[in-house]
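Both complexes shown next keep chain A, but they swap its partner, so chain B is in the first and chain C is in the second.
Coming up: the complex of A and B.
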């Protein structure tokens, strides 16, 4: 017996997407279908490596015959369904979501946020300056990463990455409810007194930059962070035999942050403290000790 | 009591930015030009070879460098220096896994893949705190557990890996063979052995059966300290699981009989047929990023690239033709033997690339003394390590993983691309460049345009790497060996052949390893009542040269860790500095209390040798087969400070 599990050939699902007949493998979401058809649907709480949470609803689309709009990121494509991504209703709903988020939170480091705000004609100011829910300084309690909850949209991705979907350290969770809801360590303790092991897998999934490398945070403060000037090179971690793939983000010959490809068979986008932060021994001097 | 700065980097090792030479033995190292340094390095190798013959030379190749660098380093050793004296520090951790696996299956790699751990039914983590030592591998284990697999942890310490286990078997240090044998015996006696597989694919079962017969559950309980019920439970779970993975790390290999330990574990997979199928296999987890690759590339004294046997005439003929050279039909010296040969004066010149044996060898004091006897020591590294401080010539190299191109091979045999992302500091040069420059000075103009050219040469001599072009490696995010074909991928697991019904396809059967219990050499007694075992912490790495340079909030420096009962017994408390003494040396370290330990068991790491040189305590007692030292079992005592000198001389 040599049991090689062969994935059964996946059935194709046929449905209509914005008037075009579309075929996707069984189990795909509407978002998957949109992406392979080259349609740009905004997403925030959706994560390649995480189970859908339906928290932000910025990705909604209209499914014919359904009373409510459907989140494209979690709704599976079904045979014969008719989906429209660009109806007035869907666009209006996305606009509202963006207005609410942008008025309550600081989206300045959320990739593409300003582009979407423009595209949907969202006007966050109409809720006034008091709409910001947090208004507190960034939490800097260790040398590796910073938590700036003014930027948090409560998407829950970091909690899932730290919890049972990947890291299983359970250092952070949702505390409080409604307007008081926030992401926090147990008893809001500093990270250094929490169960955190500094894998940085929460930074990897955070869509807004609420969680960021200290190196990135400091460079942004100093006004030197410049993604245009950065290169990304994928190599292999040198710290143990697991062989995690590291994508080194380099600016001016300095490694400024480390990520990992989400579709990598070894890491699925996750790293440990050594792979994520242990790069400081390269470079001429000894930056960390300076 | 010493206050520690939490999170601050430990000793700073600045990067080497220019070559250094020493004008006379005992004199200082001074800055030199590349030309001067390379000429001096070359001249020494040339002279030693002319005066004392090829075997007076030894190469320490690097388990952290790329496959390409290891290939070139072993080729330099064999073709230019004319000896098989090449080895790397995998000797100090995983050589027993390679030796054990290749004795059983003819190939030294782990048999299955990380993804298989996610879809197996039972996972045994034996002597492996993967939660700390291999965190991302452990994520695959956690996925497996979430998917319904049961996990068993076998470890003297109740580690953070054990917290996830169905059951923790806390055995006494150095009693892995009795435990494995008792599991084997229980499987046989309960009629759970897979006789179809045993008859078809193995040899030596009868002998094995006789060997394990004395190890009844109660006999094993006495020696291992593990309750008979827990042993029985694991035996039954392992034998009845549809698919099972057996994973191990240094807890198994770093013993004076490490290879025997590995064989004892492999026996269990042969007994139950948990090998050669998807989801069922054996996974040794490698400590360093390219321990696997270094051996695969032939940077070991008994194998040519592609793990091909030096003693096989046809293989030698193939390499002799490809390299236009002649190869001695015998094994070279491994790292341990090279150190012994320094003592006797037979080994006079060493080219040490990226290794730090002055701090990583067991019994470091002796290692340093021996290296000081060398006539010519060339060290090529990115830091001025303790070893580099002993050298006649120091050559600044690049950090393989981010300043060069190439490949490394991980614990699941996956060859992956390493890419240059930053420029090296100062005048540092790539390892391969430097070796080729010295080669040219010795009359061999090797023309490797880039790392891919080296890799393609390797592919042409190693069938199991032949199918892995750089393009394919990029396309598939790494490919696992064996990969003989450029248009096909092999299954993720190895040795499926053992299940073939046709004997011709089945090939050589896997022999049971007939191994015996042999307790740790360093016995505990009245004077040295505590068993010291060593391991890793989550945020640190080996001798700390790399990991010491970032500010980890988890780092708290070196401690001697004791269980609460022992701390009370010796009247010591957390942070109190005590003297730790073994039969070889003593160090002073603060105390930490860890409930994961049991009475009689102490724990230290070797991450902070500049603060506490733990390897002063460990024993240079080597596995005769693989030459690995017994880092895991020393006998020590601890004493309150100040120690009264009169008590003992």
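Coming up: the complex of A and C.
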């Protein structure tokens, strides 16, 4: 019999969170600790299946003794740390970040954005009508999905999902610098000329709806998209033997998009083109792409 | 990794530019024309492939220097050679302002419009005349194009311009580091043999024009190779030759091209002492000297080196941050141009003390003369056994590679610098982990700027105690100041810490109607023209509610329109933000917009009232930028404007 090495038991880290002594397993982030304590810290660029890039800065908290605020999503809890999540200073930065984002970007399809904007009293309009915005027309260059970078907050999630962290296709990357930074293929070529394999994993991780199924995009344009009327059914993909989980989003008896459960230990929400887009045959339509 | 490269092909010239750097392609998979039977059994991946990614920036330079811009075919070929995904390489190339992804003329003239040059008398007329002669910025005319540029590090000779003509014989042709043979650049060990010029092919040339007249800029745009020789670096040092100088002692005294003169003037004494002390002894001396980093953050150098030296992870690296881009700063340039061997010697000592065998010298791309002189210094040091496998016969191996930046202020931030060196976008990493633990290539790294390193020579020559006796208790040693703006004798000054702002400005000859002084550059803060007794120490400036930063002292008299300077500062940060985090990426834009509104309103009725709203808005945005930005750029972007409002009463 071969011995199966067990992971060494994880040490517990003790620190103070909003005045309460808190213990979390070593390696946990402040956000992990907040969530297990039932605190609601807004996050945008943090994602369950990816290393956080900590670029959006809406999750900042105050760590005693630090000159600046810390991103809860990626700062690890350290023994003896004193963290405050709800100080004036932290709330001010969160409010401003929401204001800045909403003044430059279309957050209309970002879940919870309007709720947080209200909660923090953010007023994106106060930067004036002339405030520079992303100002990008949607890129519709294939039949499967649309890139509407007007809604993009540059969270890097799609880049990480397409590249090193999941898909290893490296079709898209951050290009340019500063306010001109954009997610882009090489030489800004259409997706059809890029290394994209249409796995759609970038859509799965996009927190804003900047990346969406063409079906969803078209229905939103036509005003027929209605999540209230949709049902979700999780099933097993029938195309090959891997056996990925698919969640079919159905509206009026039509599949309108396909996602995949993030907590699936095999796929972590990732699929391939067949599982993600090859659903038209179910409704008797034309098989998609490729 | 299954990379897709597309079918764009490089031109012969582009291919040669890349091959001169990397050697000929070993296989058709890397872009060789003929497929051999060996190619059927060829694989490159894993370690070999990953190890070459850091040649991406040198590769982009090679093409841009040779052709003037980077085409799809050239980028594709470079990606194939280095196994880098094209989308990522595109993201890297578009990060740097010296590269162009669109066709443009071979000659590009960078005309500085930053603070010191904008404050120079006649700055407006100069720019208008440049435009009359060369056409509007960004519009090619007669084989050249000009563009406004952030600080070129020539502030003592403002206004300044730099002309670069792409062509054969560029500094990147002979391997990374410019003229320095590539260390293991090609996997098969073949060292690249640069190709000869094709008949009629343009040759690479640069011309530094400062102080610039529009006429001289036009001439440099037409024929950079004919531009008159730059004045010696010693002219930037009004104290040159005076006794008692330490950091500047050799400038204007020893020929910067001659190793013998360097040695005759005290060179390599410090390294000998270091070998006598042993690494632990050097660490002790540097710690006891109280030397702190001169780049602005003022971190104790000894502690940084100790922490690097004690890491079990191997190898260790030494990085010299010579990406001086803070507007108003030019001291590192003058040190490198006036005393290049001193930097080579001090990097060797840093390597010895921290247990590193390889040093990277990351030099900003806009310093052609420093590149030439440092390359020469490294070559000579190698030839004489002062670098290489057995430094000074002491059994210690150390070598230095120069890597050029390509126009990005943010790459002066140490973690952004590592990313840039590794062939990634120059975006800062979040800390922790700190570089002493995970720095360049994820390994323990001691990163220091030029002035800090050069101070180490004095520490070892004088001994820690005598060194610590210079300056004040908390700020020890001599300090360099970059004085520019409205003074009679702009340049680099060396004073012991503790001299006052007035002492320094008297030396430089400040005018009577001094209105304001910008300390620490764009990331620093303004003080009033009458606050001359501020002591120039880290603690003294902090007490006075301002900062010493990197040692910039930019004097402005009442002829300089303050709102214009503030707008320029805001524009600078907007341009130079890496774009990674929201407070900085969008905050710097909102800051600039608000300053524009205020500037437009000045003079109109009701201006003050509306401006009060905008100033309140600026404060709120500024606070969030300071608190929530990832790195120092966003955290300091509001400092100068805030100080101008609070201290100078700008817009009141």
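Of note:
In this section, the second predicted complex is superposed on the first by the 280 of 290 C-alpha atoms of A that agree within 3 Å, B and C clash if a C-alpha of one lies under 4 Å from a C-alpha of the other, contacts with A are read in each partner's own complex, and residues count from 1 in each chain.
Rule of thumb we're sticking to: contacts are C-beta pairs under 8 Å (C-beta built on N, C-alpha and C of every residue); 3 or more make two chains touch, one makes a residue touch a chain.
Remember, predicted model here, so these are calculated numbers, not experimental data.
Superposition note: with chain A as the common reference, chain B and chain C can be accommodated side by side. Contacts of A:274 after superposition on the shared chain: chain B is touched, whereas chain C is not.
In the overlay built on the shared chain, the residue A:168 is in contact with chain B and with chain C. Contacts of A:245 after superposition on the shared chain: chain B is touched, whereas chain C is not. By the document's definition of touching, of the two partners only chain B reaches A:192; chain C does not. Chain B and chain C, viewed from the C-alpha centre of chain A in the overlaid structures, lie at an angle of 110 degrees when rounded to the nearest 10. Of all C-alpha pairs linking chain B and chain C after the chain A fit, the shortest spans 5 Å. Residues 168 of chain A lie in contact with chain B in one complex and with chain C in the other. Residues of chain A touching chain B in their complex: 1-5, 142-144, 164, 166-168, 191-192, 196-199, 231, 233-246, 248, 250, 253-255, 261, 263-268, 270-275, 277-286, 288-289. Contact residues on chain C toward chain A in their complex (touch as defined above): 1-4, 6, 72, 75, 85-91, 94-95, 97, 101, 408, 425, 430, 432, 574-583, 585-590, 593, 597, 617, 620-621, 623-624, 626-630, 635. Every residue of chain A that touches chain C in the complex is listed here, in rising order: 53-58, 60, 68-69, 71, 74, 76, 89, 92-93, 96-97, 100-101, 103-104, 126-128, 130-132, 153-154, 163, 168-181, 184-187, 193-195.
Those residues of chain B lying in contact with chain A across their complex are 6-9, 12-15, 17, 64, 114-115, 119, 133-137, 139, 142, 146, 164, 276-279, 285-292, 382-383, 399-403, 408-412, 414, 416-423, 425-426, 477-478, 491, 496, 499-500, 538-539, 541, 545-554.
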